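After this come two complexes, each holding subunit A, first together with subunit B and then together with subunit C.
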Partner chain A sequence: MTIDQLPPGLILILGAVLVPFLRGNVRAIYMLLLPALCGWQVWHLTPGEYGVVSLFDYTLVALRVDKLSLVFAYVFTLAAFLAVIYSLHVRDVVQQVAGLGYAGAAICAVFAGDLITLFVFWELTAITSVFLVWATRTERSFRSGMRYLVVQVGSGVLLLSGALVIVNQTGSLTFGHIGIDSIGGQLILLSFGIKAAFPLLNNWLQDAYPEATVTGTVFLSAFTTKLAIYALARGFAGTDMLIWIGAIMAVFPLFYAAIENDLRRALAYILNHQLGFMVVGVGIGTELALNGVAAHAFAHVLYEGMMFMVLGAVLYRAGTAQGSVLGGLYKSMPWTTVFWIVGAASIAGVPLFIGFTTKSMILTAASLEGHWIAWTALVFASVGVFFLAGIKIPYTAFFGPASGKQVREAPVNMWLAMALSSVLCIWIGIDPSRLYAVLPFPVDYVPYTGAHVINQLQLLAFTALGAVILFRCGVYPKSEPGQNLDSDWVYRRLLPAAAHGLVDSLAQARDEVWRWRDRVFDFILERVFHYHGPRGIMARTWAISGAALWVMVLLGGYLLVYYL
Partner chain B sequence: MSERKKPWVERTSRTEKAFSILALFCMLLFVADIVPVYEKHPHFAIEYWYGGYALMGAGFVVVLIFAALGWRQLVKRKEDYYDD
Partner chain C sequence: MMSHLPALQVVVPLLSAPICVLLGRGRFAYGFTLAISWVAFVISGLLLQAVVQGGAISYQLGGWAPPWGIELRVDLVNAYVLLIVSAIGALVMTYAKPSVDREIGAEQEYLFYTGYLLCLAGLLGVTITGDAFNIFVFFEVSSLASYMLISLGPNRRALTASFNYLIFGTIGATFFLIGVGLLYQMTGTLNIADLAERVAPLTGTRTVQAAFVFMVVGLALKAALFPLHAWLPNSYAYAPSVVTIFLAATATKVSIYVLIRTIFTIFGVEFSFGTMSLGPLLFILAIAAMLLGSTVAIFQDDIKRMLAWSSVAQIGYMVLGLAFATVNGVAGGILHLFNHALIKAALFMAMGCVFYRMGSVRIEAMAGIGKRMPWTTAAFVAGGLALIGVPLTTGFVSKWYLLLASVESGMWWIALFILISSLLAIIYVWRVVEAAYFMPSPDGAPEGEAPLLMLIPTWVLIIANVYFGMDTRVSVGVAVDAAKALLGGGS
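Then we have the complex of A and B:
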């Protein structure tokens, strides 16, 4: 095996090991070079299988290159580069090593040609990324990170279990289409579903991401969930169940995002909702739908990452991302405000922005296949995300009543990362041909038709009109402090309460058993004392003649029995 | 602060003007459906309607806002609910 047969992500993983030994600008330049070098290697990969090794009777493929893996590798490498720029001001070596290792693990995972290699890097993404949560170094982030780690590692255990079942049934470890016909496939779908934040399996995301550091959340937003989307597209394309799951995912998190006070948590819910679009696309499974999934994942990494960058910059400068105490930041952070607007326009699918050219592929695929319920859910989701990202959050943080916080514009490295992301969102939005050229299947799709553009503008303009009229009527979900219960309530409150209840019940049962034991002992002691105590019948002094008489009676009785 | 000294986005007259522009823009988009200036490619019934997308935009955002307000009543607790 030669070095060009190794997964490009290893450049980041192994390169991260040297980071602690470098200082100052040398470290910064080195950290920028790593994703650039990784990107160079990814760009020069040609389709095929490399790094093939035999392990016992099985074949492991460390580097399987095809168009599906390449498009995800491109955007992961790009995201790593942007995230490194965004975090150049950070001096915490833990975050730097964890961020690079995490990005590298995700890139290695998308090139995994077998389930064992996938499992190894799947778990490595979990182990490296948790340090980005713990790097906040608070009790709250530690607990959140522990919950995150348990869920992520649990997902890996399910993946390994499913892989073992499959290899037992088929004799092959190849990571291709899996399907849900076997128990192994169902276990792996569950594993992917946890990482993709399926409904009720989602709350690790909203729990951990807002607790991570300013820069850590930018890394986190790019890799874990999109790796899961890639894995779903590879293993479960055309699985009808995913259409329903995706439709629920696209809609339900928006209700939480609308009432969430922590804007980074609200954005985590929006991220979750965007994954719903991709899961629907995977479920539809046609070439157009899968192209839409890959394209939307690509776009999503760019604009969602940028939106986390913007809120990170707000948190960095204002010291908080709580909507209830923010407002009027457009005056002190005008560039950051502009970058948010670009991100919001992209996520809402405004024409000329990247989201318009990618989201519409999935919606069109749903239309062409006649999935009207899923299509309606996705249109509802499009309306919802425009209201939230385009109206509510910018009003809360940037344009609403001023909070009185005097802050400065984002640091220059943060500004540069956001500016580059914005340029890409607009550039690809205006001319998506370069993105379409790297999609898994040939693209026969034109986003800029009169119908697409006008219908989308109608949808968005009337969304704004409806929201503004309701706002004028005083009907508006304004940001308020509080904790909104989600599925994590099960393992943060219900299960601990049930465990405490069980422990209390067992303790009561034990106390009752001890009480009965004491009563029995007391009874025995009391009886013994009764017969053998100082006044007991057995303790009395008997005359020798009486004893002789009793012995004689006993012997007489014995003789009588003997002769009978 | 007097109205003239406020940044333009905070002046009542400007926000009123922005609202009027939005309403006018919506009206034009609605008219684009009645006087077809583009070729429709409908798949579902609502796409055949005049202003079908307009109806979905305005209707869905109202549903979302009311549903979110109702949902808040159900799931909102104090900040220290989990006590960690």
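Then we have the complex of A and C:
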């Protein structure tokens, strides 16, 4: 096996090992070189299967290159590069090693041609990324990271179980279309679903991402969930169930985002909602839809990462990302504000921004296939996210009543990473042909037709109009105790009271479920400890007579049962 | 010379033991024991080579032809067990000097080496002999030696642990002997191959059935299968580090080997799993061992004790493989027998290093040890990963076969238990990792690594764990062939 047979992600994983031994600028340059080198290798890959090895009776393909894996590898490498720039000021070697290793594991995973290789890197992304959460070094982040790790490793275990069933049925470990007909496929779908933050399987995301460090969240936002989308697109394209799951996913997280005060957590909910679009696309499964999924994932990594960068910069400079204590930052952080607006325009699908050229592919695919309910849900979600990312969060953080915080603009490396992301968002938004050229299937889709543009503009304009009307009509939702009314009245007015009731009951339901979960967990732990703890019946040193009794029970029991 | 290798395999360590006593105190005892251990290893290597090339070897002790005389019989299955026992023995002895100096007084060192040689001779004898009564004799040789070795532990509780082990070891051996006696009464022979032929037509008799139950229960006790594991945690926890390494990696494995011989060779699959319906019993006990052993391990603060409980769980895996009575299942059980020997030896060696430096293996002593003893801790983590069954380590290979066996037998729920038990293993390994890497060192904690003499054997085992996790041609090939032979020969 020669060097070009190895997955390019290994450059990052193995390269990360050397990071602790370098100092200062050398380390910075080295860390920038790694993703660049990886990107260079990814760019020069030609479709095919490399690195084929056999492990006991099975053939493993370490490097399977096709157009679907390539497009994800491109954006992962790009995201790794941007995230490294963004985190150049960080001196914490744990984060640096973990971030690079995590990116490398994700890139390796998209090139995995068989389920075992996928499983290995699937788990490696979990193990490396948890250090980004722990790097905050608080009790809270430790616990959150622990929960994250358990869920992620659990997802890997499900993947392995599914793989086992499949290999038993088919004798092959190849990672291709899986489908949900067999129990193996169902287990793997569940595994992917956990990582893709399906409804009810999503808690780990909003739990852990906001607890990670400023730069850690940027890394986290790029890889894990998009890896899951990639895996879904490869294994479960055209599974009808996913359309429904995706539609729910696109809508519900927005309600939680609306009531969330921690802006990074709110953005984590928005991330979850964006995944819903992609899941719907996978569920539709036509060539156009899958192109849309790949393109949207590509775009999403760019702008969602950038939005996390912006909030990270705010957190870094202002020391908090709580909406209630922020405001008026546009004066002191003008560039950062601009970058947020670019991100928000992208996520909302404003023409000339990247989101428009990709999200509309999925919407078009949904309408072409006649999935009108899903289509409606996605349109509704588009409106919702425009409210949140385009009006609520910028108002809270950047334009609302000034909090009196005097802060400086983001550090130059953060600025550079955000600026590069913005340029890409606009550039691809204006001319998507380069992005379309790398999509899995040939693209004959034209985003900038009169109908598309006018539709989208109408949607956005009516959204804004609706906002004004609701505002004028004075639909005041009830206030919540302990929250600063000044900073959140805008979005509350925009949500009709009915929606509020829904939100409240959802939040209550969630809290109830979490409380219940904690209580059950505590109870089980207490019982287990009672029997298995150092003084428990199991772990105590048994008296000889007691232990000998077991011998007799076993012997006598066996003879007796048999003779009877 | 070459034709006498089977006899030399046992006779060399056995006769070295009295010589070791005569050498007495001083450096000679250690050097002598080390040399003998490596000689035993070379002999088992040569035997394996001979078996691979020329098929099973039958050696007639004193020139008496079996079934009248005692036969030493080496085939593919026990050639590998011999190799693993003697390889662990050689590595342990290489490792032993600093650890023994630290934990056992200079007065008693020569006795320790003598005991070790006897134990090694006994275990090799159990494995190599083709005679059922001989198995009992060698069992006693190795067990009596190991009672003595355990009692040398630095903590006085080692004495009660050893006494406990003595009681149960004796009950187990006696049960086995009762079984052998009943078989002798029915068939008039003690030779295993001969027994296999003569037992078949007699399986309807109650005597043979009782013999089966006695032998299985006795061996389960020797192998520390739950709930007959009571002697194991304390013995491993309080024995000197070197003894724990050696016994954990070899003694229970040899018992499992004899159990395999008894179930599959002497009685045959049809009788064991058909008439006597051994399957459900083994399934229940194995799964209980896996789950309860792992759960108890989580709450242990003494890491040697934690690993001992983990051994209880791992024995569950091995027995689980046998319980399937399919090629993949038995192969998985045999694989785990080898792999677990490598894994546990490496882990206990790492703990021996910690004890050497810290004088304790409690979890508190591990605080911040990742910085002070980086190589030892890294070895423990690598061994822990193998114990959990992370891919590219040995642990994964055997668990994969067990999972495969459970899926193909249509017993999903067993796969689930295997996975749960692996998750529990993550937790107890993680506790050590957390203490080692995330807790600050207490003030005045001893600095410095363990001696190289201890680190090198530890890392040899770690590398072996990774190597056999990736290159599975040899281990899987042998295990599958052995499983086929055992299952095919029985029915």
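Things worth noting here:
By definition in this document, the second predicted complex is superposed on the first by the 468 of 564 C-alpha atoms of A that agree within 3 Å, B and C clash if a C-alpha of one lies under 4 Å from a C-alpha of the other, contacts with A are read in each partner's own complex, and residues count from 1 in each chain.
FYI, a contact is a pair of C-beta atoms (placed from the backbone, for glycine too) under 8 Å apart; a residue touches a chain by one contact, two chains touch by 3 or more.
All figures in this text were calculated on a predicted structure; none of them were measured in a lab.
Between subunit B and subunit C, B contacts the larger number of subunit A residues.
By the document's definition of touching, neither partner reaches A:D181: not subunit B, not subunit C.
With both structures placed on the common chain, the touch criterion links A:D444 to neither subunit B nor subunit C.
When the two complexes are overlaid on their common chain A, residue A:F119 makes contact with subunit C while staying clear of subunit B.
In the overlay built on the shared chain, the residue A:A464 is in contact with subunit B alone; subunit C does not reach it.
Applying the stated contact rule after C-alpha superposition, one finds that A:L55 touches subunit C and leaves subunit B untouched. Shared contact residues on subunit A (touching subunit B in one structure, subunit C in the other): none found.
Against subunit C, in their complex, subunit A makes its touches with residues 55-56, 116, 119-120, 123, 153-154, 157, 160-161, 164-165, 167-168, 528-529, 532-534, 536, 538-539, 541-542, 544, 546-548, 550-551, 554-555, 558-559, 562-563.
Against subunit B, in their complex, subunit A makes its touches with residues 139-140, 143, 254-256, 258-259, 330-331, 367-368, 370, 372, 375-376, 379-380, 383-384, 387, 399, 449-451, 454-468, 470, 475-477, 480-486, 492-493.
Of all residues in subunit C, only 164, 167-168, 171, 175, 206, 209-210, 213-214, 216-217, 220-221, 227-228, 230-231, 233-234, 276-277, 281, 292, 295-296, 298-301, 309, 390-392, 397, 400, 403-404, 407-408, 415, 419, 422-423, 426, 470, 472, 476 touch subunit A in the complex they form. If you check the complex, the residues on subunit B that touch subunit A are 7, 9, 19, 22-23, 25-26, 29-30, 32-33, 37-41, 43-44, 47, 51, 53-69, 71-72, 75-82, 84.
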